[in-house]
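Okay, handing you the structure first.
The letters A, B, C and D name the chains in turn, as written, and every chain counts its residues from 1.
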């Protein structure tokens, strides 16, 4: 099947190339780049030489839709809506790694992303692409709104306890730590090596755009309105997200109960690794892989459940999950091309 | 005044030397080291050459007590109790950077630190050395239990709102991120470069020994029993602690109210920097200095106050605060020898 | 084919497991560990869970030789000589990642490695395992002395110009920069995070044990006695070696000549990437992969050829090359199980 | 004395502020910034709060010359020539941290820096500001061309052996490793955290603009034309330069001879630290300080002298040396305000 990537030279773009170059069923057939148009991708990223030597083209939507069976987009949302319409019309498929298609309610998108225009948002045959929770819908969708990196780490960690109502819906605190690649490939002061190295810093406290995405999905899981407090932090590493989540536990629940509940909930999910009591996730245990590690602890003194989850933000948090969704959409085994062991140390 | 450092080659020991070598009123007169006995400190740490070229001796308690006016100890608690008694008897002063003298109730110490023996704990003329909160007692103490690094970052951040009861005493969540120097100078697998680099990992979740210390002090401030949830994390940097603290706000409090309250509370404290609304602390803003940056945000959707504090774990979190206490104990200006600007980038 | 790894929990050991777990022709059948005997490898390294869940055994040489077709050893040389004899007798195969079998002359080994004993060194059917240069011999060897990380980066970089005698044999200067994983998994002061982070430091200047290995192979290539100056440095990263090599160029050679010569020399070598003039290698371009990038520049003002080479020290510099050699020894395609794209960023 | 800094928000600018805020004889009286004009410096860099709270102005040359006794400039060379003229006319002093005033021959400057215009270069009363080698001239200069970071680390390391002619003038190889802050504060792809972290990469091989500066000064020291091969590398750390220098030693020279020669040469230089044989410099040993560590080794097998030097690129390599020069120009002790111990770990 022929694959196109719009915005191929950002970090999620080249991670898609890393995966898809070795995917037996995919053939990379179109790559676009604003910054590096008309260069070879393997000149911009010499480590891809021999694996992917395509030329980088401009954003020619007609061409990519004509050529490709499936398109991955990392473009700004205005352009994504445009390519979305063309994909629908042409009967092709689109996985968007941006926020454009993640929402049920267009007003929520407009409020948090400052968009003014109006579009027929409901007419897109689209689905929120958190694979483990939405498999059936993803299989039949034309457009997948691939989840944000933080929401992936958070929703996977909370789904079992919210679904089973072993925690209270109040006071859910999410404290996330992300590597700097999550801030993207754009040159700006705050992403410079000398600013980030040896530095831990919070940002967008209680205001991050991933909040509505998290709350939308958690509310559906719990079948009631869920609110969360969310603080993202940048830590000095390239890849990885660790989310530490605090909830008030219903009374009488033991650590063993929680462990069993997670094991049961994710028993058929290849990419979810539930850690035994006493073991905690770490970002380095998943670097370069599509796995999500989940562990927990109960603070009995306060009856608080502390859930810990680790993903590679560019893999399960972006490009890896996108390919996982592609596999579903084309009826391939979910881990096809994704059965990659973490790199350690 | 003559100063001795027991355990001078660990990270807090050499940080004491960095400060005290340039302190106009202090003369380093005794240094001990188990690992490097009989070497020059400036051979072990060549960057100290010209500033401190003392020989490293063994732990000769009689000698150090005889020679020195004030002793800093980074030794294990069994040895610290011993030197504590000798200091009391000799009418000298001791600042202990370990946990031995931080507790009001010896049973709490024994429970969390696994100590079996029994000592006349109450007979020590000792005080918990969080400078900003205990100035008067520190001035008159013979022994100071210098606070732990996490407790310093947490108690300073919470004191104003607990004292003024603008937050509820329930559901206080503390999520701390520490550089690796906090784990000490001992060679072990978990401190190796290749294990820590590119890795964020929680540890001792809800079980860290700094919990009783935090709760003891917060309970005194609020004049009621306070319990906290505390999760420490290691992030890949050498120095710095960022603590992110979540509390339920009493109703009707604005961000401006909170800011004013902190400004007022710390108006006479040289080392506390309250950030204006919209600005957040970062560890790099305090690296190498004795300052504590405190900022905050209110999540109005959940009425949660998020307090953020940043310190250098080896300075305000250990050796810097120890010297600040020494200054108090000898009636010197509190910032004597500590008026050091952070290093950036 | 059944594979054993002696010393499986060091960094080269777990890198072997990362590769071999996904190698279609290999079945990991024996793992040993001194530190973690009787634990599951996936408990020690949770990221291996699902890929390799073997139990770690002791160093039972009889058992491993009986069970396995090929054994990888990361043990100290005394033990390696022992297992070497047993492998020869049993008609099995051994790839040693230590120095024991890298030398033509046992006296050289004894001089640089401080060994006292005497063994019948010449009776081992062994070969130096720099794959690209020794393919035929490796195919027929029972024992491969897998090259050191620095020698791999250096010999590959110098072979074409020495073989073709376009550089003078005098004044060959090698300045190498290595990530800290090259220093191994043992806990010692010099490998601690806080010692290595934000630090660049030379070590073993002009005295490193890789010197005789480099000179032995370069001398054979040039068919005359070659001496080199070699300075290794530790830089604050986990993986990667960059070697910068300076030689006096014979007169009349252009950058184009040099490029053509390298292209021709390595035209059939999958894992060697010759960069076009104007492009330089970087360690991140090969992280996690078995590739060696080679680039160069001529300083016309001094007629100096500067050769630059980059490898991942744990892959082409150790475990990757070991598997490449295994593939040769078992008549498999050389890149079987090794066709891994670098991870970036 | 009143001090102005033109270009105060780059890394060398804020490092000047770090030093000068605590300098007893200096009063910061003018700060300019293109990016952050009209903000407070302590808003842009909150760690300066309380130490320097000046407003950032535009580049008003008339004003800064009128107000200040001495001006530090980090501006592009066109602007520096302009301010240079005004400083000369007004009888004030200027220390330029860029390349504009480092050269004896304007044609060399024009060739390497691509400048087209023509100016009366010889009319400036200027001197190359490598303090240890040019003290007398610096004392009497109006304009100091403050040395580049690499040249400082290299010239200090080579001066004793070239002056005393114990090395041959041919085949001087300089291999330097720099932290990323040396690449400046401008946002560009190559300075991004995710590009630099876990990466070692050479750049401008044999073409770096610091070459003519190094050769100019070495030729004067040796009183003959000296050519060098110079390769700079970026390593993943914020601060520090380590230069590894290779020279052919004249025969009969021992390591002891070399050590004695350096000790003698620098016996009156506070900031130069000669390490005993067997000890090597490391960047972390000088971080945040104005010291230069120099060590060496002889490779007897090839009669090569390997000289190693470490500086903090922002201190002795830029702002520290600039203040050292200022002290000289105003007849203050050379280490006034610079007697800062390295920060470790």
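We adopt the following convention: a residue touches a chain if its C-beta (ideal position, glycine included) is under 8 Å from a C-beta of that chain, and two chains touch if they have at least 3 such contacts.
Going by UniProt, the chains are A, B, C, D = N-acetyl-gamma-glutamyl-phosphate reductase.
Computed from a predicted structure; not experimentally measured.
> Count the C-beta contact pairs for B-D and for A-B, then tell me which is higher.
A-B
> So which chain is farthest from chain C, going by the mean of the CA atoms in each chain?
So the chain farthest away from chain C turns out to be B.
> Quick one: chain A and chain B, Cα centre-to-centre, how many Å?
39
> If you average the CA atoms of chain B and of chain D, how far apart do the two points sit, in angstrom?
37
> Residues of chain D that contact two or more other chains, please.
Expected reply: 11, 179, 181, 194-195, 197-198, 236-239, 284, 287, 345.
> Any idea which chain B residues touch chain D in the complex?
Residues 11, 14, 18, 21-22, 45-51, 181, 197-198, 238-239, 270, 273, 275, 279, 284-289, 291, 293, 339, 341-345.
> Give every residue of chain B touching chain A within the complex, in rising order.
Counting only chain B, the residues touching chain A are 171, 173, 175, 177, 179, 194-195, 197-203, 205-207, 227-229, 231, 233, 235-240, 242, 244, 246, 248, 280-284, 287, 297-299, 301-302, 304, 306, 308, 310, 345.
> Over in the complex, which chain B residues touch chain C? Could you list them?
Listed in rising order, the residues are 11, 179-181, 185, 187-189, 191-198, 236-238.
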